[in-house]
């Protein structure tokens, strides 16, 4: 979709070999209704600024109130053009950040806009985007096809009815948009609405919320429902990757207290950690690939959270102990060939110290790509530098874009592929392997490992 | 002040654009009496070796007793020439360290000495420095002017009478040497002399040491006294960046115990953490920029501490948790546009994992430059590599030299400017932005961000 | 022993200056019986695959059962050719890992095999190795000489009778193979067989196992026995580098409980930490250089451990706190010029944050080379990047290969020397010092610092 003028020699050759590969997107946060309804996208502000916490967090850090960016406002309340102008007026703040690279890429390659964004050009660019969005080839399904997406996984609550996914499946459209099972809200006793959600889930499957076995059965049934609509993976977002295995004799009482809202703090975390092991055990039977995204402390700005809710740019990474945290889980299921676990970290110190050694031993474990703040040129370089020598390439899970910014998907995969090319060209230059090895590995990193790790090749 | 032969192409151009910028030095440890009295500096050993814990720590690590370096001795007891010779005899130990780069730079650019320091040249170089120091153009004020210093902040105890600063202000000399409010000794109950210092401070302002409100009032008064002499910032050096907010109803009893010397260990740290929040709140009113230097465990060598006191090269960095540590403080004042907090870390793992995400969200927060052991070529490269993609450039606080080695100030700013040029040239080479963007950012990193973050533009 | 085509210019010159230096190997895990008996090595599988946890861990991580690799089987049970073929069939998994570089190097430079290992070539290469191993010049002593090894230290339990070392000493052979005193099994109350081992050691020296003083005396006697056979160093492998100093009045009761198996968990760790200080104190008298290898959590895969025992590739690194951990030890002996302590870490974050500042102050402390997972091209580059600016070069302990894979020793030293050359060429290129300085430092890093740190120059 692009060429990158600064890649030369071996890096350029490797990049060219994978540049136009299809996009395999096994983890992300697109809204499935975009593809079931195929409505046009709203205005440029609603498309680029308002839903993108990468963007508005930076503006907020420089003193721009979220209200001025239309956050928390209805479409009627806000002035899309003024928001886009305000954003463009502060575009210099993004110099050196991946957000700027992604947006530049989208403007150029999705909208054909070569004029750099600036205060002066903002109005004209707003108009160009507006005009484009009204055209059928900018509807979600058309863009999905133009982006050459092979598969796109969304992330969906365990209690989601998956209506949009069902509609997509029944629509006859050829796109492969699949759900991902994200049950944290019915696993973590400290989650708002844990008990209500679990109760609804259990009774919805004809069970008795008072019985732990029925809770497990309902979870199994929900997983089956996701699988029926194409899901190949589950996902967990947790602050610390702590797992536990509770005595079967004692788990019932723990569960009862959780359902009464009587399990908090460390005890709640033990229950949650136990449920992660239960989920892993279910994966042995139903084959869902388990993902753990660990190390983000959510909603650390209480004022912003009270006013605007979650995902407002105030989630902060923490140091993470994977070795001790996963030990209980791995010692129950980690040697089982049926199990795949993909781990994502925000603590780069755990790449070389923990995840690479662990992935280089445990048959189940793959290292997810650089996540969130580290999905960037330098973040990708550090990732390869720190994981490959110990884990090799085949213990990596390839790339995923993990985004709700649909238009940035090609840009994110492109940045990754450039990073792959630069890394592998460096390896060739240092004499570690031949260009033919590099091309083989590049193909794996571009698409092969993602397909394989997420069991998407079927 | 220098040229750097190994910078070429874009890096050289960027460097040339900022090389001769004035020096903005918003945080450091120069003695204000140098500028109030304007006496000549003493001999080369007293100038370069004896006060520089970067130098004598390395020599001590290789078995050279501190006594042989004149540490802890009066000027009469020591033999300056022998000390300088001993130091030169071990000059190879500093190969690859910034100390060697700084000293080479000072010899060349301050003293015009091109001959490399060695055992053989030590005597002649000692003489050259001696001769120079006797000349008026090597007095502190003359050097301040020759170094093209725009502003120089010292660091001063809350109980300091600021006589030297007052003398400078009244002297008619044009240099801008300003104090920084460092109140740790009257905030931390575990500090030697906490109660005595606090009591003197309170009674000095007509208050009752038994009343917490008078304690706060005295702190406010001291801050005002500093501001009257040009201070724009406060500073805190703490082992762990832990903050707390205590119930107003309970704080009085806590304070009373602290003043009785009855508050130790974790309770003392809670009180101190509470006082950091009080300081932040005072900043909302009086505008002092708050600095936190966290993560140094002080005086870890008990024998050296007993014999020679603090700052003897045995302070050691610790892992630091900024996210949880600052949460109480940030949740009280972090969204207030009047507040600026500059954070310095010795734990580089917190650059990408904590400080960059936090600075990319909280309006108050800026990331201080690479500190202490990391104020070096590779340290600067790692800093940019790890902070920019998430925090951008405008959430950085520019550079400060943080030194008591006055003659090294131009060298330190020069190393920083070279690091800026190399980093930005790399960004241009990778196609992230244009040379004109790079020059704009270079100017910010050289002087603009420091002026702005420390409110020095007035 | 090799040339490295990708090194050019200054890097090539520096490399050539140290390429053919003798091998100083002050820490490793070769079996001394190889050199006392001088038997031929067994087949290629037993030589390369079965004992190398770097190799079989990676294969295991990709679903290959350890049984298929002959692990835990007798020589009669296994099919060496099939194992070697299976390994070669998965050779691509090692692309980008040091294991591949080491093995390629061994095949080429030890066996003269230029054909790349692959499924197709595996059989012929197996035969070539087999043929070579039968020849006298591939016996251990001949290889020792051909590898130009100056000294080779093994690692031996405190209770080892050192018969092999005695036999080597008495054999008249000129090789210098020396033991290293590794007493963890009789220091750590949680070690299997602690009490039995300690009791046997004490009674073996005519002491009373009920008396702590006799326990110390037996340890001293064992150290003397090691020293008599050439040992210059002790070694400790510990999960966390925690040291303690217990009240002499209380230590007896602690010891009694440890011998009864009544000391577990944190108390056992305190006792162990105390014994580390006792060991350091003994070093003041007998001159053994103390090594601490800290930060590896052993045998984290319980199933593999039950079935195959320790060292099966499931040891995982942990975050490590050197500053607080070593404080008790350093404050008892760290200023004593008779003491040398070499620290090895698996937590790279402690290079710049802890070990470099500590080594740059404490006279006793040297930083060991990049250890285990970090003994690799990128690991070496990160090491230099992070330690040199604060610790300089003379606080490093040079290189050691730390391997039981005898044939990989030249390869490992060669990778280190390449890394040294690349690092130093970079320093020269950045103008930090002259090529002549670089060559001087290269010689130190190649051999000088290892000889000096381990007191091997006598």
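Just so it is clear, A, B and C label the chains in written order, and each chain counts residues from 1 on its own.
The rule is simple: a residue touches a chain if its C-beta (ideal position, glycine included) is under 8 Å from a C-beta of that chain, and two chains touch if they have at least 3 such contacts.
Fair warning: this is a prediction, and the values are worked out from it, not measured in the lab.
In the contact between chain A and chain B, the residue numbers used by both copies make up under half of all numbers at that interface.
Rotating chain A by 120 degrees superposes its CA atoms on those of chain C, with the angle stated to the nearest 5. As a whole-number value, the distance joining the C-alpha centres of chain A and chain B reads 40 Å.
Under the contact definition stated at the top, the residues of chain B that touch 2 or more other chains are 319, 349.
By the touch rule above, chain C contacts chain A in their complex via residues 4-6, 57-58, 60-63, 92-98, 100-101, 297, 300-304, 313-319, 346-349, 373-374, 376-379, 382. Residues of chain A touching chain C in their complex: 319, 321, 323-324, 327, 330-331, 334-335, 337, 349, 352-354, 356-363, 365, 385-386, 388-395, 427, 429-433, 437, 440-441.
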